[in-house]
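Let me give you the structure first, and then I'll get to my questions.
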Amino acid sequence: MMSNKVFVLNGPNLNMLGKREPGIYGDITLDSIAQLCRDKGNALNLDIDFRQTNHEGTLVDWLHEANEGVSGVVLNAGAYTHTSVALHDAIRSILTPVIEIHISNVHAREEFRHKSMIASASKGVICGFGPNSYTLAIQAFADIRNS
Amino acid sequence: MMSNKVFVLNGPNLNMLGKREPGIYGDITLDSIAQLCRDKGNALNLDIDFRQTNHEGTLVDWLHEANEGVSGVVLNAGAYTHTSVALHDAIRSILTPVIEIHISNVHAREEFRHKSMIASASKGVICGFGPNSYTLAIQAFADIRNS
Amino acid sequence: MMSNKVFVLNGPNLNMLGKREPGIYGDITLDSIAQLCRDKGNALNLDIDFRQTNHEGTLVDWLHEANEGVSGVVLNAGAYTHTSVALHDAIRSILTPVIEIHISNVHAREEFRHKSMIASASKGVICGFGPNSYTLAIQAFADIRNS
Amino acid sequence: MMSNKVFVLNGPNLNMLGKREPGIYGDITLDSIAQLCRDKGNALNLDIDFRQTNHEGTLVDWLHEANEGVSGVVLNAGAYTHTSVALHDAIRSILTPVIEIHISNVHAREEFRHKSMIASASKGVICGFGPNSYTLAIQAFADIRNS
Amino acid sequence: MMSNKVFVLNGPNLNMLGKREPGIYGDITLDSIAQLCRDKGNALNLDIDFRQTNHEGTLVDWLHEANEGVSGVVLNAGAYTHTSVALHDAIRSILTPVIEIHISNVHAREEFRHKSMIASASKGVICGFGPNSYTLAIQAFADIRNS
Amino acid sequence: MMSNKVFVLNGPNLNMLGKREPGIYGDITLDSIAQLCRDKGNALNLDIDFRQTNHEGTLVDWLHEANEGVSGVVLNAGAYTHTSVALHDAIRSILTPVIEIHISNVHAREEFRHKSMIASASKGVICGFGPNSYTLAIQAFADIRNS
Amino acid sequence: MMSNKVFVLNGPNLNMLGKREPGIYGDITLDSIAQLCRDKGNALNLDIDFRQTNHEGTLVDWLHEANEGVSGVVLNAGAYTHTSVALHDAIRSILTPVIEIHISNVHAREEFRHKSMIASASKGVICGFGPNSYTLAIQAFADIRNS
Amino acid sequence: MMSNKVFVLNGPNLNMLGKREPGIYGDITLDSIAQLCRDKGNALNLDIDFRQTNHEGTLVDWLHEANEGVSGVVLNAGAYTHTSVALHDAIRSILTPVIEIHISNVHAREEFRHKSMIASASKGVICGFGPNSYTLAIQAFADIRNS
Amino acid sequence: MMSNKVFVLNGPNLNMLGKREPGIYGDITLDSIAQLCRDKGNALNLDIDFRQTNHEGTLVDWLHEANEGVSGVVLNAGAYTHTSVALHDAIRSILTPVIEIHISNVHAREEFRHKSMIASASKGVICGFGPNSYTLAIQAFADIRNS
Amino acid sequence: MMSNKVFVLNGPNLNMLGKREPGIYGDITLDSIAQLCRDKGNALNLDIDFRQTNHEGTLVDWLHEANEGVSGVVLNAGAYTHTSVALHDAIRSILTPVIEIHISNVHAREEFRHKSMIASASKGVICGFGPNSYTLAIQAFADIRNS
Amino acid sequence: MMSNKVFVLNGPNLNMLGKREPGIYGDITLDSIAQLCRDKGNALNLDIDFRQTNHEGTLVDWLHEANEGVSGVVLNAGAYTHTSVALHDAIRSILTPVIEIHISNVHAREEFRHKSMIASASKGVICGFGPNSYTLAIQAFADIRNS
Amino acid sequence: MMSNKVFVLNGPNLNMLGKREPGIYGDITLDSIAQLCRDKGNALNLDIDFRQTNHEGTLVDWLHEANEGVSGVVLNAGAYTHTSVALHDAIRSILTPVIEIHISNVHAREEFRHKSMIASASKGVICGFGPNSYTLAIQAFADIRNS
């Protein structure tokens, strides 16, 4: 039977959410988003493990950890999205599907945010929906389980 | 009161779905996806208007039509995604929010599919979830109405 | 004797003028511009045929139509300016001179609007003068007739 | 038994042939080329369906139409050759083989004509032989039928 | 009351007009163009101050001079158009509007003439109309005064 | 009277045909292709001189030799197609027309095979038809002789 | 009252200073620079907190820590200067101003050191003055406090 | 004994300071900055020679003049920073050290201001500190004299 | 006497070896490679210290550690090979020679793996030999000691 | 039984070894390297056939010759490494594995030596070890035979 | 009768010759070069007019002056060689042939010195011969007069 | 005593001189140029050895031959100028100075002729003087012998 655990992994600076550039990210905090995710998880019978780190290597560690007993990873890799070959390889090194998400519409921001190093290794991408980017990704995993 | 009408607009070659490259797009037909969208719309009390055309100009016409009495547009612009400044401008010319979607994960395909001319004008992007890319976008509009 | 007919052809999204991004385009409508053009034409004894379409192929058709019995074409190709080799070839396929115009100063906008695919095939370019870009182009054709 | 129908599809501005830049394209008209194709078809027992349009979407429609009951498509996509991802996808969406042709040697002309968006999806490419580019392509389909 | 003075500033090599490459620039001299401008100015009640220099720094000086008591600058910056950040900044350092003009259609010439460093700082651009590029720009300032 | 001699020149690695990457080139040998060419030549009253070398300089020598008493050159320059300015110049140094051919559709292969250094100097290009690329080129020379 | 605390943060390999490439960096050690900074801080009544790490994530952590109770950050991000979007975002996520410094003149070194990912998010940049780059930056914060 | 003279050289458009784009440059005039520099010079026993020109060639002349009897040059080359190989060479042609400065943080502005042609020839770079960029550079020369 | 210690350092995702993409990396685990290295070291009288980390900063730390008492470093930096200026600098900051290795032939994989940021700072590069890439590098250090 | 013959093929200018740029290549001659290779071959029971040519076509010829009765090719293609598509294809046209080697670390030299046209077709790459690059490659073939 | 006057024009920083970077330019002064040129002129019956300026505009002025009564211009444009479209146009604006020269071999120096904006407008280029670059150019004009 | 032998080496297609594109190269033959060179050599007491080949490898062989007993090489490498790293290395592998020459002004021709792979390894470059490019280079060697 497939695990009902879903990792929600957050990369650098997302701990500053709510304090940082509300014009772009809104004023919701990461704690509130964690709660939103857990609520959504409860509704869909998914067990959410929500984490944040500023360290690229720790994101790699966590992705490896997700290789067993986890049915999906929602990954907001923040700035590492645009530069990290290590994350690309980490995603490819595991069988668990990963969904890349972003709170803002990265394509409407600076040029260097248009390129994702991890999208091609991911299952899919969701961006631009604010905190709902998280819940839509969780919904997507529920859809996959049901199909 | 906000309209409950949602346009789901499909661009070139999507009428060939099911016949075309099932390795990439699966074997579901566009008619089945239309039905999925209507089912999802019914569940969320949204009225789905589902269309397809191979003509860039017709997509522009339909986007203008969506400027009044429509609460959202789900846009799978197909190949025009990567080349059409006209669609970019059409999206910016209307107040109705537009969500760019793709059935496949375009970032895992040819280089020329990595660039979107319309993402920066759209509300957000969802790609890689097969037919569920459509239903997740409809869900996103329902979330916006509820927030 | 040279025809006194001048085509004024408008491309995609220009029908939304007045409704769309007034910060860039002002709040004048396309109908008002058509009237300005006709007034200017009357003053200069030129017969203005003013049209708009969102379809690239229709612009090509109209340019071919202008090959006979028309002394000049004022062309605001909108977004197709930046991508259309077909319009470039259409302009070169006719003997009637074509003037490329833009309402806004495209060079002060996004990078992708700085390049014109049609300028090198046109007689000249006028941009940045709001609705007067149209009347200056009509004036230019009158100047050519008088020289 | 394989159909003996061959589509010969012509894109934008080719209706101006004979009137347009004879230094590049010669002074033969499209009607004469159609006749050459039909003559060649008769000699090879192939039924030629010869068409022209300035609309990218119409070329896409016609390629889809060729998916059934047609043994080959000779495609002179004109300017859309260099920009159209939609045509690339349309060719890939059908099983009928497509041969890209050009009247002139596009590699000896402007830089922007050196790149073809459709060649990689086509069976092969023939360019530079004037009207004979058409008849060589028809010959190539006859060769395929005989092999 | 707004000044009726208009500067017409000419950059490097324009003093050679008439002697230089008549195939591109025609055989009219700069003195004749100055007279055309003064005639047009008289007709529109504008006082034309017509100058030429081969020195980039002098063009900067003159633009600063135009900051007071001048209602518009017609600027044919010649070769400096394509390289001068200093002129870009000079135009932005003054409130008087500047119109960039060119005698020839620069987009139909060498690649390095396609890029303008000053267009994005200017009010608008007019090119390709021979000496009429000057008079159309003067007309444009008259239009602005009347609107 | 025009010579009825046609050179068919083959560049590097084509001697390995049949042994090399049959998925791309098929399993036909160069000897069989030579025979096909001679048969086609016989049918069209053309005298085929078929050669192969791995040396760029030898291809240049042979092209010079073709300057006299030869009515056409079919050139499959193999890898040198993509890098050789020397072949470009050699083609331009002779009056005899040259047709560039390829067995495979080079545009559907690696990026570095998309660019041809010799196409712009050649009469035309034929690629993607397997051994028939050779016979179509010979046909093209026969067409030229007959026109 | 504004805090008198200033962070001086050093990135990867700066702990090797004095041992590493003295031709570029001189033979002073990081400890000596720390002492120079503290001396300068004492003279200007600023409390210097001097740190070094080889971990990008730790630099991000420290920048977040500087968001409260710190009046300025002197940041020598070493190699991460040229690649780290995470540091760019971290600087933008805090209100405390950051000054980017370098010991050597990075513009006179390898091409890949010419581009800074963090300069556009910083208050200003100082480079090329050896250990004085640090003290000039501390002086700059004192100037800001006094203005 | 080393000269105590320091040149402070200002390039194009800096004479417009205070009148020009106060959002970027503040409202201080160049005269006030000259006074700040002289005050800083007095405090550090340096004799400041403060100049401005819009002419690239004059900046070159002044740099040559600084080759003798001058201990340092503070150079705000304005727009010529980004384009002038002549200034690069002039700096390298003299033994007197040169510090490149900018009032604004050029890296946070348009792309074309990110590249400096003169940084690699200079001793160091200081930018982003408003008028203090000047006084920090003067301080840097005092530091060099004291070391 | 030179130390007989050799570091073998492994970067991100190499701990997943054997689980990850066996088509590219084979099914050998990192533990087996460690054993191979120790066996090779024993045969050549070298003391192998074999480590793995997913953290870029830790690789930098270890390279610094290798500066004393270590005669060589075999470095498989994995994904950081292609992005890390910090590793480039770390290699240059130590006197101990470093050999860059890769299990697979990186040049036969994705474009972004073709560029190495660390090769130019390393003694040499060995790639494509599977686990033997490690033992060949150890052999190379033995050769250096014997020469 | 697998052949024990190994080709060691050297490209242009390697005959000048010892006379040419000893700072880069050392002062060993190609004859001495041949002897080193034969010694290494003897130790590993491999029969070394060592050759040099300045002709690209001859290298292609020799690679084809290696297709039968040869168990491996050590290829120092010298300058042709960076430009030759013909060598790339020759390597792919044979089944015998090829190892690309270089005496110097090409990545630490001019930009145009960083790109290899043949690496992606080769089994692996070894560079930077002086004459030992040859013996390590021979060792690699022995390892392959033993595995 | 053709004039025997030859202009030798020198651009920015050449007045510093002998003081500046003798490793690149040698220790000869510009005065000595002027004397060499006059001696060579005397030997060939050419009247040398030797000048230097740091101002781009002055070089343009002098080129215009050379349009009448001058049989050739030897132009060492120094740094302006690489950036000046104005000089390109000035050379094209006159009938007098211009030879571009450089003392050093610019192709063996920094990348930005490899591109010349003026070479394509000049008669020919001579570089790398030290002061002899001047005398060879004077010889070239004598050759032209004699042919 | 220095040898008085000078090699004049000619690359691909130069044997076609006089037959090939007289608009670019004039109608003089290579034999006539050889005679011009021998005459010039006689006048300057230099012994000219004049050769031509279409083979890159032969040019490399001849450059090696020039390493002993030859005082200079005049090299017109033709098309190989723009692509040959092998020639670049060959020039650097010998002590004899090499002068790169071209008959035409390559900078006024196609873009791919603007880049020279050999200029940076050569003593100097002379181009654009027709057959005199050869004699000027011979003069340059005489100047070197006399200095």
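In this document, chain identifiers A, B, C, D, E, F, G, H, I, J, K and L correspond to the written order of the chains, with residue numbering beginning at 1 in each.
Just so we're on the same page, contacts are C-beta pairs under 8 Å (C-beta built on N, C-alpha and C of every residue); 3 or more make two chains touch, one makes a residue touch a chain.
Everything numeric in this text was worked out from a predicted model, so none of it was measured.
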{"item": "Shortest walk length in steps over touching chains, subunit G through to subunit J", "value": "2"}
{"item": "Repeat of the B-C interface, chosen from D-F, K-L or F-L (over half of contact pairs identical by residue number)", "value": "F-L"}
{"item": "Centroid distance [mean C-alpha coordinates] between subunit H and subunit G, Å", "value": "23"}
{"item": "CA centroid of subunit D to CA centroid of subunit J, Å", "value": "47"}
{"item": "Averaged-CA centre spacing for the pair subunit L and subunit G, given as whole angstrom", "value": "54"}
{"item": "Where subunit A touches two or more other chains at once, by residue number", "value": "55-58, 83"}
{"item": "All chain pairs that touch each other", "value": "A-B, A-G, A-I, B-C, B-D, C-D, C-E, D-F, E-H, E-K, F-J, F-L, G-H, G-I, H-K, I-J, J-L, K-L"}
{"item": "Touching residues on subunit I, where the partner in the complex is subunit A", "value": "11-13, 15-16, 19-21, 53-58, 78-80, 82-83, 112-113"}
{"item": "Subunit K - residues contacting subunit E, complex", "value": "55-58, 60-61, 64, 67, 83-86, 88-90, 92-94, 117"}
{"item": "Residues on subunit G engaged by subunit H in the complex (per definition of touch)", "value": "99, 105, 107-108, 114-116, 119-129, 132-133, 135-136, 139-140, 143-144, 147"}
